[in-house]
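These notes are about the structure you will find just below.
Letters A, B and C mark the chains as written, and numbering starts fresh at 1 in each.
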Amino acid sequence: MLFDALTLQLGYNVTLVMLGAAALGMAAGGAGTYLFLRKRALVSDAVSHATLPGVGVAFLVMVLLGGDGRWLPGLLAGSALTAGIGLLCVAALTRRTRLTEDAAIGAVLSVFFGLGIVLLTIVQTLPLGRQAGLESFLLGSTAGMLRSDALLIAAGGVVTLLAVATLHRPFTAVAFDPGFAQATGQNIARIDLTLMMLVMAVTVVGLKVVGLILIVALLIIPPVAARFWTDKAETLALIAAALGGLSGYVGAGLSATAPGLPTGPIIVLVAFALFALSFLAAPGRGVVALALRHRHFQHAVHLRQGLLAIASEQPIYEALTMRILRREGLVRADGVPTDAGRGRAAKALRDETRWQVARGTEHLSGLAARHDGLTEIETVLTADQIAEIDARIATPVEVG
Amino acid sequence: MTVTLASSDGTALASAPDAGAALTVRGMTVSYGETPVIFSIDMDVLPGSMTAIVGPNGAGKSTLLKAVLGIVKPLSGTVRVFDRPLREALPRVAYVPQRASVDWDFPTRVIDVVMMGLGRELGLLGRVRAHHRARAMDCLERVGMTEFAARQIGQLSGGQQQRVFLARALAQGADLYLLDEPFAGVDAATEAAIIAVLKELRAAGKTVVAVHHDLSTVPDYFSDVFLINRTRIAQGPVEDVFTPEMLDRTYGGRLATAQLGGLTRDAV
Amino acid sequence: MGADFVALSIVPLVIGVLAAVACALPGNFLVLRRQALIGDAISHVVLPGIVVGFLVAGVAGTWPMLIGATAAALVAVLMIEGIQRLGRVEPGAAMGVTFTTLFAAGVLLLEQSDTSSVHLDVEHALYGNLESLIWIDATGWGSLVDLQALAGLPPELTRISVAALGVVAFVWFAWRPLAVSTFDEGFARSMGLPVRAIGIALVVVSALAAVAAFDAVGSIIVIAMFICPPAAARLVTNRLVAQVAWSVGFAVLSAVAGYVLAGYGPIWLGFGNSVSAAGMIATVSGLILAVCAIAGPARHATT
């Protein structure tokens, strides 16, 4: 069944929804990357919650005008309108008052959502309202979707994706270095606004599929996951788009295979699985790699400190230092240094002395500044330079 | 007073902990990621001394102070204060953080900030009594800020904020004062006021350690100096350690000569 | 205002007020710590917590729910911290990853398990049903002193009362450490205060308030009350004590005005049905914030 779904053999609507979700996921991953790089990931949460009153208002207006109120393009237009107003409120609260952006986001998302719920209860009192199914916008629902709606979502996903692809260059410039971007004539305010419009577009298109509570996941999780694999902004956007697209595609497919698998949550959980994989296993920034490196580093620090303590015949206070020295065969079980230990300690102390002298030597001090306590002197200074230092050590300079 | 600094044998290693020291640090290493910010620092501060921690930007001065206080977690290292483990000795330690480290928009008044220094005494629910308030006002007076007591902290200038922080430390009634860049970005009057208070403290037998970046004032303000550039360069009385050669080692050759100008050379 | 009011309105009103106050109190510190969205995250993860509590215990009692939701809040905080520190991800993004994932898991669990026997569904979780918490045994004002009638009070009232008391006690006892560690974490640590534990305690207390309130009024009021009254209060005063007092006042006002407007507003306007009280309470708190943002005497930063 899953195989059927993934190979697009579950019928026309499911196929459209899967392709739409994939396009939406890619667009969201791409747009979300720039939001993430601007450290404003959660602004999208305010945007998505602020769509709800718009859905209610649009429904009521369409009913008042004599329509049936369930026309998807109309509902989406309404949601975009209030999402925009929500965004303006966040900006106004942050700029015109002392409140910080996180408080502004929280206030806007809860108040707009509350207002949306009020409107939904009004909708439900209308004759048509009970069947309106506006609640499906909360968590998304693709079951029993009209063909025209599926087409709209697929098209919306593709258009948003194309927009992100077209605009990636200015987005990258602003996300990477706003000051520089401004100096080179980019209008930051306008680019930020465009980015927010795209975030809104992703949200609105995703309402019906993922739902407004979880759509932010598609904007946030893929970029965060992608960040573990690369340090380059352009690559980051590409990987995020790929992860987002994969989440949308697989998630929508999975949810079509059985009842009780709501589309939005499944897409989010697929995205999270990709995140968890990246978080743990990515080379470089992944947690496992990081932990191994940290252990290695801690080992090196304690080893060096232990050796210096041995060389200066100081007691070793820390148990970990002692353990490491023992394990390396540098001290005996009773704490007395072995010959190997004394040899390495003498070398460590000699190098420390060399660094000290290098610091005080005018033409070497720049290189000596690279010493962070663990740097091997041979990796920074040439044999000639070391010989020069040793010559200085042999003829002491009186200090103090 | 032992001068432990790099001499002909070049060791940067201190002798065994001094039993009478106000502050003893051994093997303190702190790293962010895989780069040590400070490496294997040993430090001995004698009671009644006034020590400047001096070094270039990024040398780990503030980090050292924070690690001493347990604010950042070191990778290795031990701290003893008045010959006790840090935790037991904390009531005898006062701390003045960098001004920029807090949110000055916090809804509180000057007097309330100074009262924070009495926190240990007041406990969780102890009532603020007249004598507490009087003590706080007294501390404000010592830094010349009495008339600002009821002012919202966000309305103060940088120098005034720094004085309030010092007043809070005074309220702690400690024996060891650790200050992080107390003179950074303050006006001349504030600098004079702060140094006067610090000298009073020293006269009363208290110990002062301050991260300091203005080399020209070191000999005037401090009795001892601790030179650091990720590792310890030297420590001892100003007249022994605050030498052009040691500063060259700390700041790296020509750079130091350029930075210092003639002033320190004359002063030493 | 007679028997009907006592039977139908007094309990929801009191529950609304207690829920609003229980959330607004810790909300002050969350907002000042730039952790307003922790409140958002908590209110999202309460749902999976309650579902898991129900699935593990097999019944939808108070304890499984409380324990499940509190545990979920702790899991969320640990996850956020873990992602933030180990993955070096900024806090907002770490929160976004965490609460969407846990919420999605909660919805999925709910759909997959048979919870039809208990009143547990996503919509109820989002906007509660304050209006349904009526006092059937009440016959008039006299019922307030009638032990038999009092025994018939909805259990939600007891829960939120206990939670509100707990929150008040926490803020009372931890006031000084909370204030110091919020203003100047480094200094608080140098005084030997357990800064981390204080932070975690604040989150746990917020979670308890959220769970008790959520049970009665749904998660919207929870988020709105964590953030809106404290944020509005911050724009009115520059003193912490006064801010907290104002925030309580705003919370009470939101709850009362919101409940009344939701219940009677549509009738005054000539419609027959009332609207969601939870939604209206959140809306009123937003209006209060808007007024304070336009006219609050302390709305501008001084630095």
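One rule holds in what follows: a contact is a pair of C-beta atoms (placed from the backbone, for glycine too) under 8 Å apart; a residue touches a chain by one contact, two chains touch by 3 or more.
Labels paired with UniProt names: A = Zinc ABC transporter permease; B = Manganese ABC transporter ATP-binding protein.
Only a predicted model underlies this, so the values are computations on that prediction, with no experimental measurement involved.
By C-beta pair count, the most extensively touching chains are A-C. With centres taken as mean C-alpha coordinates, the chain found closest to the middle of all protein C-alpha atoms is A. Each chain's centre was taken as the mean of its CA atoms, and the one lying most distant from subunit C is B.
Taking each chain's centre as the mean of its C-alpha atoms, subunit B lies 43 Å from subunit C.
Here the CA centre of subunit A is 28 Å from the CA centre of subunit C. Spacing of subunit A relative to subunit B, judged by their CA centroids, is 38 angstrom. Counting partner chains per residue, subunit A shows two or more touched chains at residues 98. Multi-chain contact residues of subunit B (touching two or more other chains) are listed as 105. Each of the following residues of subunit C touches two or more other chains: 234, 298, 301. For subunit A in complex with subunit C, the residues that touch the partner chain are 36, 39-42, 44-45, 92-93, 96-100, 102-107, 109-118, 120-122, 125, 135, 138-139, 213-214, 216-217, 219-221, 223-224, 227-228, 260-262, 264-266, 268-269, 272, 275, 279, 285, 287, 290. Across the complex, subunit B is touched by residues 32, 172-177, 179-180, 182-184, 186-187, 189-193, 234, 237-240, 242-243, 298, 301-303 of subunit C. On the subunit B side of its complex with subunit C, the touching residues are 66, 69-71, 87, 90-91, 93-95, 97, 101-109, 112-113, 116, 119-120, 122, 124-125, 152, 154-155, 168, 172, 178. Considering their complex, residues 3, 5-13, 16, 26-27, 29, 31, 34-36, 39-40, 75-76, 78, 105, 229-231, 233, 236, 240-241, 243, 245-246, 248-250, 252-255 of subunit B touch subunit A. Per the touch definition, subunit A reaches subunit B in the complex via residues 98, 293-294, 297-298, 301-302, 304-305, 308-309, 312, 314-315, 317-318, 320-321, 349, 352-357, 359-366, 368-369, 371-374, 393, 396-400.
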